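Read the structure below first, then the notes.
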Amino acid sequence: MTAATSAATGGEIRLSRLSRSFGAVHAVRNVDLVAARGEFLTLLGASGSGKTTTLMMIAGFVTPSAGDILVDGASILGEPPDRRNLGVVFQSYALFPHMTVAENISFPLRMRRLGGADARERTEAALAMVRLEGYAERRVTELSGGQQQRVALARALVFRPPVLLMDEPLGALDRKLREQMQLEIKRIQKSLGITVIYVTHDQEEALILSNRIAIMHEGEVHQVGTPDAVYEHPSTPYVASFLGESNFLDGILESMDGSTSWVRLASGERIGARATELPIGSKVQAMVRPESITFDASGPRTNSLQAEIEVCEYLGQSIRYFTRGAGTTLTVRAPRADAAHRAAVGERVTLSWPQSETLLFG
Amino acid sequence: MNSLGKAALASFAGLVCLFLVLPSLIVLPMSFNADNLLRFPPHGFSLTWYQAYFGAENWQSATWHSLAIAVSVTILATTLGTIAALALIRGRIAWRMLYIYLMLTPMIVPPIVSAVSMYGVFAQFRLVGTLPGMILAHTVLALPFVIINVAAVLQRMDWRLEQAARSLGAPALQAFFLVTLPLIRPGLIVAAIFAFITSFDEVVVALYISGSSAITLPVEMWSGLRFEINPVVAAVSSLLLGISAASLLAIGLLRRVATAQHRTPA
Amino acid sequence: MAVGGAAIGPGDRGRARAHPDPDRRRLTRTGLLGLPALAFVAIFLLYPLALLIETSFHAKSGEWSFEQYARIATTPVYGLILWKTAWVAGLVTLIDLLVGYPFAVALTRARGAWRLVLLAAVLMPFWTNLLVRTYGWIVVLYPSGLINTLLLHLGLIADPIELVQNTAGVLIGMAQIMLPYTVLPIAAQIEKMDRRLLQAARSLGASAPRTFWHVYLPLTLPGVFAGALVTLVLSLGFFVIPALLGGRRDVLIAQLIDFNLTKVLNWEFAAALGTILLVVTMGLFVAAQRWFRLDTLWTEAR
């Protein structure tokens, strides 16, 4: 996915060595990020990773302990929240219960002294954009969760901010509704060309929505990259385990030849992995994704390990096995098509996977 | 809010506190006044007014009346109110909302109207000027307070505890006495204190129902303020303040006991 | 959450007949526990009130007549007293709103020891005897009392100001007594507010003052109405403060009722006045109930 769209109206937002500590706790540490015009950047991480604190610093509700925030080159650090001109969609929507849908949406316009026919027009346009035409005079307390979410979105966009901040907006919706809204958000973002900083703990959501993902852990950004990049080439074990599933095997880097590294596992076997810059002799963790492993016999440039099936789970879309091999538990994902020839619990199998799919971490 | 706003708000709150508290506290120095002139600051230091209070027959009998009535009201109102609260929370009542409104009437009707109407009926039954008459009148006034308090406590209580007792073989009445009652005891005591204070401090209804033979402390104080300011009132006021402070403390401690109870796993 | 009793409604009656519910009997029996208290209130208050209302429709001679009400309506003095009662009650409510609202804001913002101090101060009127407080006000407001002595001492005035035995005394005394009734509902409403709404308003471009005006204040209005109503109703029927702190010209309806019954022994007239006060009080409460049903639509967007 390319970052910029043709109709990019969004602004560029840059976080420079942004930090925030609460006493001895470093909630956010030296975050350096840039979201280009019209880019959809997601901050992905577990609770406590610092992603929401970072977003709140951008919005102006939390003061950074250090660092700077720049929108289109100008620092917004000195500005109070009402002067930053950024759209914010809160997790709980925060719609004003004493106002109608139209009054909620036109609120930022009124604050900017925009009234009358112009405001009405823009409110109608915002409602149309989130597909809620005709809902203008409804009370917000009468709306369903999904509808309220769309009103919150319309309200944050009606005044055409350069950047939109979204704090886990889909968390309260059920699965089907969430998937629908993800498509909506993507559609709206593309058509407006607005820059979005999106916070979530749902990795699937991040992969679907983002141009780039920044994985955060304990206040630091572990990796920033396109969904492809972070999934196929995770730079830290945390990123590897947070996105998708992963198996880790401990061992020592024995030797390297050309494009293959050779690792002697703690359990004795030898496997091949992608080339690495780690020095020979260092302790390493070899990572392979469950979907890369099959029960086929080994071939050229594949690794193989003996294992015994412990658990077999039928997940509808795929089958998941927990196997015991190389002194640890290894997860294997088999496609649904193989359901008929499922391996049985207790069966001894040979696990094999391409060497090129094995990553090393020091 | 900026710091100037915060400072202004804080000072304002302080002034309002003063406004709320000053008239009550000021009686303390006044009670030690050496002469019987009403002026502040009081001159001299003397305990004559305390002595006058403890020595005067009318003040002592008024105090005794108030205590006797208040204690009786507490017992009667707490009992009636508790079972009424049980009925509301745990039972089925036809026209439940109507019942609630009717039970709240003593709180909503202006005291003067209650007093005058009660007087009409009580006079007929020769209850005016009698202790039983006062007890009945004050119980009616105290009931809503007891019901509201006990109902609140019952709602907060974890009903599964009594159900567990039932499942272990305890019949309904026993389960109530052995499990529910101890758990709501702090709330019951708070309700009882409310009932006591409602009766002990009540003046308007007492003015009508106490007649000449069941005069209560507030009525005696009223006489001491109506036409001339009787300085003994200052001494009595100080004593009453002490009692109020003590009950406030008691309730504060009980509330803490109650919340501690709820925090421990069932 | 409540098991049994509270959850059963009128619609269940049909179902219960078809399948006799053993729980029903138990619940109804428990419900009967409410009868003693009800009987108590009915005999000793509701019946007397009914009697009062009935008495008001009699002439002094005993036959049925509207003459008492006619007298109230046609005699200017009584109209004046009713008007003064309403006026004083209204002013007390207004004062308490102006003083109570900021105090409620301060109370909800206070933390730790300060919160306890403010809470104790506002609850104090509930715990101190009314007559003690009234006596205290006399001491504070008397010509030789606290305020006058202080002002004379500081040289700010030459002669003592009349602050008691007049309307000023009544207003001051009642404003203090009623303040908790105004403050507590407002504070409760503020506590319920979703703080995110204030943040949302800021993020949409509203400065702090504008956020207060457009979001904070409207959301506290149900509490304001509740507090104002309780204060107003209580002030209308108040007896002790106007009688002790007021002057000869500060006769309000409660004192008028008292006068007519104890001094003039005119039962029927006192009953008529009492009925008017009762009806107005009840009427205000009923109106408020409907209003609050509407208001609860506002509370919380989700």
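First chain written, first letter: the chains are A, B and C, and each begins at residue 1.
Rule of thumb we're sticking to: contacts are C-beta pairs under 8 Å (C-beta built on N, C-alpha and C of every residue); 3 or more make two chains touch, one makes a residue touch a chain.
The model shown is predicted, which means the values in this text are computed figures rather than measured ones.
The greatest centre-to-centre gap from subunit B, using C-alpha centroids, is found for A.
The central chain of the assembly on a C-alpha centroid basis is C.
Rounded to whole angstrom units, the spacing between the C-alpha centres of subunit A and subunit C is 55. Centres computed as Cα averages put subunit A at a distance of 60 Å from subunit B. Chain centres here are Cα averages; for subunit B and subunit C they lie 17 Å apart.
In subunit A, no residue reaches two or more other chains under the touch definition.
Along subunit C, residues 208 each make contact with two or more other chains.
The residues of subunit B never reach two or more other chains; the list is empty.
Chain contact summary for the complex, subunit B toward subunit C: residues 1-2, 9-10, 12-13, 16-17, 19-27, 30, 37-41, 80-81, 83-84, 86-94, 99, 102-103, 105-106, 108-114, 116-122, 136-137, 139-140, 143, 147, 155, 159, 163, 172, 197, 200-201, 203-204, 218, 221-222, 225-226, 229, 233-234, 237, 240-241, 244-245, 247-248.
Residues of subunit C that touch subunit A in their complex: 194, 196-197, 199-208, 210-211, 214-215, 218-219, 297-302.
For subunit C in complex with subunit B, the residues that touch the partner chain are 2-6, 8, 24, 26-38, 40-42, 44-49, 51-52, 55, 99, 102-103, 105-107, 109-110, 117-118, 120-122, 124-125, 127-140, 142, 144-146, 149, 176, 179, 208, 233-234, 236-240, 243-244, 254, 257-258, 261, 267, 270-271, 274, 277-278, 281-282, 285.
Subunit A meets subunit C in the complex at residues 59-61, 80-88, 90, 92-98, 107-108, 111-112, 139-141, 145, 148, 155-156, 159.
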